[in-house]
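Below are two complexes that have chain A in common, paired first with chain B and then with chain C.
Right after this comes the complex of A and B.
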C-alpha cells in the first residue's frame, strides 16, 4: 500500500493535478480567514466595478502629505485629461474654424491650448457638425480649463455659523500620500459583479460550495454504484437481473435530463446546495455500478476468492476483504471523476436556472448564471465570468490529471 | 484389498456447460467418478479437457448443469452457508496457481489463522495458535518466524504452494483435491512438494484426487487413474492397468507425448 502511494506521487500527471487541487483547497480554506466578509454582501452601489485598488478619497485628505518632485508627473496628469483623440478633435475644430492645418502642432500642449482658448466659440457651427459633436466640444473645453495651472486645489468646509466656506487645506500638485496611511483602502482584484458584490470573495465561497456539492454528489454516486455493482456482480442470478434492469433504465434516460426534471419538480424554495448535490449523485451512479459489476464478475471466480470460500468465510466478509481491496483503486478513481462531473453538473443546472436557490450561498454555476442574466459577456465585464470559467476548468483539469496519474500506476498496460 | 472400503465421494452423470447460445462450451460431459476412503485417484488430461471445472464442481464452488454429487453415500446438500462450511471441513483443495491463490492485501498469517478458526480454534490463546502455525509450517519445512507478517508477494511460488499444504495440514480434511499443484512451480521445488503432499497423506490419512496433465506423475502417485479428453472420461482403471496396458488412443498419445518422463518413472518405480 505504501509502495503504491509512493508510485502515485512519482507520477508527474498526478503531482501536477494534486498541486493545482491543493492550491485551490488551500485558497478556499485560508482566504475566508484573511477576509471574513460574507460573500453575498453588497458593497458597491452600482454594477460591475472594474478590478483595481479602491482608495477612499475623503480619507486621502486627512492622510499626511509628502512632496515628491517626479519627472513627467505633469505630462501624465495632462495626458489623462487630454488624450490624443481629444487633441485630434481640437485640431479638426480649429481647421474648420479656418486655421491652416500646418500651423497646429497637436503634440505641443501649451501652443495647442493657447490656440484653442483664443479661438474656441461654443456657438460656432460648421457644416456636418452634429449636436452631439457640439456638446462634446463644450465638455472638452470645460475639462481643459485650468489644465496648465499649477495652483493648488483648495479644500473647504462649510462653516456652521456663517454658512460660508472656510478653507481647511490646500492640495499641491506635487502632494502625495502613502496608500498604507489611508484608513480605507479596498483591493478588489476581480472587481464587483452586477449586484455590487466583491467577485473574488464570492468566487472563493462559490468554489467551496461547489467542491462540497461535488464531494457529496461524488460520494452518493460512488456509494450507490459501488454497493449495487458489488452485490449484482458477486451475488449474480435474479439479484443481478433486477439490479441490471434498474441500471439499464437509468442508462437509457440521459442523466442530465433526469437531473433537470428532478430539480424542476423539487421547486425553487426546497433546492438547497445539499439537495442538489444529492440529486446529482442519484442520477450519476450508473457507470460506476456497471464498471464495478464487471470488475467483480471477473474477480469472483479467482482462486483467492475460492480459497476464502473454502476457509468458511461469509459472502459479506468475502466482498469486503477479497473483492473490495482489488477494486478500491478503481473506485477511488471513479470517485474523483464523479466529483468533477458533479461540479460540472451543478454548473450546468444553475446556468439553466435550476440550481440551488440563490439566497444563501453562491456556487460556481450560480455565478455563471448571474453573469449571463446581467449580460456581463455582452458588456465586456470579463471579471464577472472569466475567473469562474477558469476555476471550473482548473478543478476539472486537476481531477482528471490526478485520475490519469493514478491510472498509469494502477493499470499496468498504460505504464511506460 | 478384501476389506470393504467406504465410498466417500461420487459423481453421477455430471455435466457442465458454460455460456449461452453459440458461445456454449461443454466443459464436463456426463462424468461418473467414485472415490473411496484412503485412495489416491488421478485425473489426467490435456489442458482444456475440463479437469479444473470438474474439480470445482466436486468442491461445490460452481454448480453443475446436470448430474448429482453424493457425499458419504447421500446426495450432497450445500444450499446454505452453514452447510457449505460443514462440507468444506471435509473437502479441501490446493489450486493450480499459487500466485493467484492468495489475497495480495492480506498477510499470510491470515491464511493459516483462517484454518485454525475453521477447525474451531477461534478462541484459542495466541500462543497456542502460533504453536499450531509453527508446527504446520515446519511440516512443510518452512519457518513460521520467517514468514509471519509477510505479504504473499514476498514469497516464492514454491513457498506459497508449500504454505497451501501447511494449510491442509491444519484443516485435516477427509478429501483433498489437488489441481495440478506443481505445474506452476519451478522444477526444483516440484519433487519436494509432491513428497510433502504424500507425507501429509500418510500423516492424516487423506483421500486425494490428484489432477495432472502428466501421466507419468499420475502413475507415480495414484492407485486409480481417470483419463479425461474434452470433458469425458475415455478410460479408467487402476494405475497399472491404464498406464501399462493403455487401450484408448488418447491415453496412448498422452503416454507417447511424455516418453522420457514415462521411462524415467518406469525405471525408478517398476
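Right after this comes the complex of A and C.
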C-alpha cells in the first residue's frame, strides 16, 4: 500500500492534479472560518458591484486627513470626468451649435469648458442628433460642473433646532486618508452578483456544495456500477444477460436527457442538492458497470479464483476477497472521474434551470444560471460567471490529472 | 461564357428563393389556402423588387433597414391567427384588446393615453357624450374612416361587432354583457346603452366608457362571411384563423412564420386624412424576429437589430452609460420607465398565523423594498419614497386620487425590523420554545413564499421577502413551481390554496380607462372569493364588506371630492388589513429604443401634444409615435 502511494505520488500528473484539488479543498474548509458570513446574505443594494475595495464614505470623514502634494492629481480628477471622447463630443455639439471648429481647442480644458458653459443648451437639437445623444450631453454637462474648482468640498449637518445646514468640516482637494484607519472597509475580490451577494463567499460555499454533490453522485454511480458489474461478470449466465440488457438500454439513452426528464418530473419544490446528486448518480453508472464486468470476466478464470471456489468459499466471499482487490485501482479511478462528471452534470442541469432549489444552498451551476438570467454575459459582468467557470474547470482538470497519473501507475500498458 | 454563367447563377438564385418562399408558405402552421395565393405573387416578384421601384414590397427576408422598424418582446412562438374575435391568436403584433388596445391592424373607436388618462378619437368622430341620465354613451364615426377594402367604417359595424360578441359569447361579450345592454346604430351614431340597476342608474358607467377604447371595430360584411364559413358555430368562429380579415388600421399582415412576423403599411390607410394624422405612419414595415429568450432579444437590441424593445433588459442604463450605445428609455434616469402596475405579494389568509393582521403587517414592513427595486428590478421601478404605498400606480393622475396625508401614518417604507418585531411581540406572537422561530397557537410560523419559476425579477423579489422573514423570527422559504402548475393553483379560488402557497406573487392592473377602480376591485373585492378560474384578483381570499360597498359605489360617483374620499378610505382599509402588499412598480410596457436607424421616439418632455405615451408605438395613443419617427441618416 505504502509502495503504491509512493508510486502514485511520483507521477507528476497526479501531483499537479492533487495539489490543485488540495488547494480547492483547503480553501473550501478554511475560508468560512476566516469569513463566517452566510454565503446567501444579500449585502449589496444594487446588482453586479465591481470587484474592488469598498471604503465607507461616511467613515472617511471622521478618519484623520493627511495632506499629500502629488503631481498630476488635478489632471487625473479632470480626466476621470472628461476623457478624450467627451472632449470630441463637446466639440461636435459646439460645431453643430454654430461655433467654427478652429475656435475650439479641445485640449485646453479651461477654454473648452468656458465655451461649453456659455453655449450649452439641453433643448437644442440639430440634424442627426438622437435622444440618446441629448441624454448623453445632459449627463456630460452635469458631470463637468465645477470640474475646475479648487475650493474645498464642505460637509454640513442638519441643525435639529433650526433645520438649516451647519458646516462641520471641509475636505481639501489635497486631503488623503489612510485606508487602514477607516473603520469600515470591505474587500470584495469578486464583487457582487445579481442578488447583491458577495461572489467570493458564495463561490466558496457553492464549490463545497458542488463537491458534495459530485461526491454523492460519484459514490452512488460507482456503487451501482460496481455491484452490477461484479455480479454480472462473475455470476454470468442469465444474470449477466439480464443485467447487460438493462445496461445496454441505459447506454443508448443519452444520460443527460434522462437526467433532465427525471429532474423535471421531480419538481422544483423537491429538488434539494442531495436529491439532485442522487439522481445524477442513478443516471451515470452505466460505463462503470460495463468496464467492471469486462475486468471481472477476465479475472474469474484465474487460478486463485478457481482455488477459492474449490475451497468452498461463497460467491460473496470470492467477489470481495479475490476479485475486488484486483479491480480496486480501476474503481478508484472511475470514482474520481464520476465525481468530476457529477459536478459538470449539476452545472449543466442548473444552467437549464433544473438544478437544486435556489435559496437553500448555492451551487456552481446555480450561480451560472442566475448570472445568465440577469444577463451578466451581455453586460460584461465577468466576475459573476467567469470565476465559476474557472472553478468548475479546475476541479474537472485536477481530477482528470489525478486519474491520468494513477492510470500511468496502475495500467501496465502505460507504465514506463 | 461569363454571361451564361451569370444567367445560370441568377436562375439558380431565383429558384432557391422561390423554393424557400414556397416551403415557408406551406410550412406556416396556420396557413389556409388563401395566404398561399396572396404570398406567391409577392415571392415571385421579390427578386425584381430590389431593382425596380421601391413601391413593390420587399422580400420579407431582406427588408430594407431604413423602411423597417424592428421590435422585440411582443411575439413569442409563431402566430396562430388573425381573428379579432378570438383571444388565442398568439399574435402579439396585431391583436391585443386590452386597456391600451393594440391598434396597428384593427382599431378601436378611441385610443387611451396612459400619460394624461384621456381617450382620443381614432375611428370615432370627436369626443363621446353621455346622456343626462348617464345611461347612454354615443359617438359618431369619422366619415373619412374606411376599411382596407375601401368601404366606409360605419356605426353599423360597431353595432354588429357587439351583436356578434354577444351571439357567440366571445370573451369580450362575456366580460361586458353584465354592464352593456346593447350597442345600436342610429342615424350614423353609435349608442351604447348601459345595463341599468333597478333604480334606473347604470350598473357601471366606467366599464361602458372603457369599452370604446378597449375593443376593436370589426367589419360587418367580413363578420358575415366568417359566420357563413363557420356555419354559426361559436367554437369554429373563434378558432378561424381569419387570413382574409378586413381591417381598418395602418398595417396588415405581410409575412409570418416561426422565425418572424412582418406587418406592411397599407398605403390607402384612411388615417392620412387631414381629420386624423394627416399622413401615413413613417416605417413601411414593422418586423418582429421571434427570439428564443430575453437574452437573445437583448443581444439583438444592443446590436441595433431591434429598434423598440418591450423586454425587461436588466441594468438597462449600462447600455448607454457603460457601453455608449445609442439606446434610451422614456425617462433618462431611474426609474427609466413609467410605472403602471403593482406586482403584489398576496397572503393566503387561511394559512395558520396569516389570518393575523400582526403577522401580515410585520412581514410586510420588514421587507427590504429598496433592495427589491435595486436588485430585482435593477432600479427600473419608482421607489416607495417616490410613490408611497397605496392602491394607486405612480402616475400623477392616480396619485392625485387619494389623500396622502390621511394615510401617511399607515404607510411603510420597509426594512423596519424593530417595528416588525415589536408588532409581533405586542400581539403575543413570540418564540416560547427557543428554537428561533415565533409561534402562534403553539405552532411555529413557517411559510413558503412562491412565484413562477423563470420569472427572474419576481424570483429575486421573493428571495428578499424570505430574507425579511428570517430577520423577524418567521421562517420563510422559497419555492418556484412551473407556471403551468402555478397558474392552475392560484386561479382556483373555489378551492383552498394548497401547502406551499402561503405568500405568492401575482400582478395587478396597470393603466387604463377604468383605473384605478378596476385595480382596487381586483386587489380587494370579495366577489372573487370562491370563484373557479379566477383570473381577476384577490387570490388570497380577502373580504371586507365596507370595501365591497365602496367599490360598488365608485363607478356611479361623479363628484370628485366624493371619489377622492372613497379611494382614501379604500387605501386606509388596504394598508390596515394588509391582505397583500406591493413589492415594486412595473411599467405597462417596457419601452427601450435603439436610435441607430430611427430617432424621434417618444421621451419625457418631447413636446408632443397630447403627449405620446411610451407604449412601444403600438398600444393606445402610443401609436401616434409612428408618425413622428425620423431616420437618423436620411
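Throughout what follows, the second predicted complex is superposed on the first by the 353 of 416 C-alpha atoms of A that agree within 3 Å, B and C clash if a C-alpha of one lies under 4 Å from a C-alpha of the other, contacts with A are read in each partner's own complex, and residues count from 1 in each chain.
Here is the rule we go by: a contact is a pair of C-beta atoms (placed from the backbone, for glycine too) under 8 Å apart; a residue touches a chain by one contact, two chains touch by 3 or more.
These numbers come from a predicted model, not from an experiment.
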Touching partner for A:92 - first (chain B), second (chain C), both, neither: neither
Partner chain(s) touched by A:325 [first = chain B, second = chain C, both, neither]: first
Chain C versus chain B, contacts on chain A by residue: C
Which superposed partner A:373 touches (first chain B, second chain C, both, neither): second
Which of chain B and chain C A:314 touches, first, second, both or neither: first
First, second, both or neither for A:306, with chain B first and chain C second: first
Chain A positions touched by chain B in one structure and by chain C in the second: none
Residues of chain C touching chain A in the complex: 294-295, 298-299, 302, 313-315, 318, 320-323, 325-328, 332, 368, 370-371, 374-375, 378-379, 453-454, 456, 459-460, 463-464, 466-467, 477-482, 500, 593, 595, 599-601, 603, 606, 632-633
Chain B contact footprint on chain A (complex, rising order): 1, 301-304, 306-315, 321-322, 325-326
Partner chain A, residues of chain B touching it in the complex: 56, 59, 61-62, 81, 84-85, 88-89, 92-93, 95-97, 100-106, 111, 114-115, 117-118
Touching residues on chain A, where the partner in the complex is chain C: 41-42, 44-48, 128, 130-133, 135-136, 138-139, 194-196, 267-269, 353, 357-360, 370, 372-375, 377-380
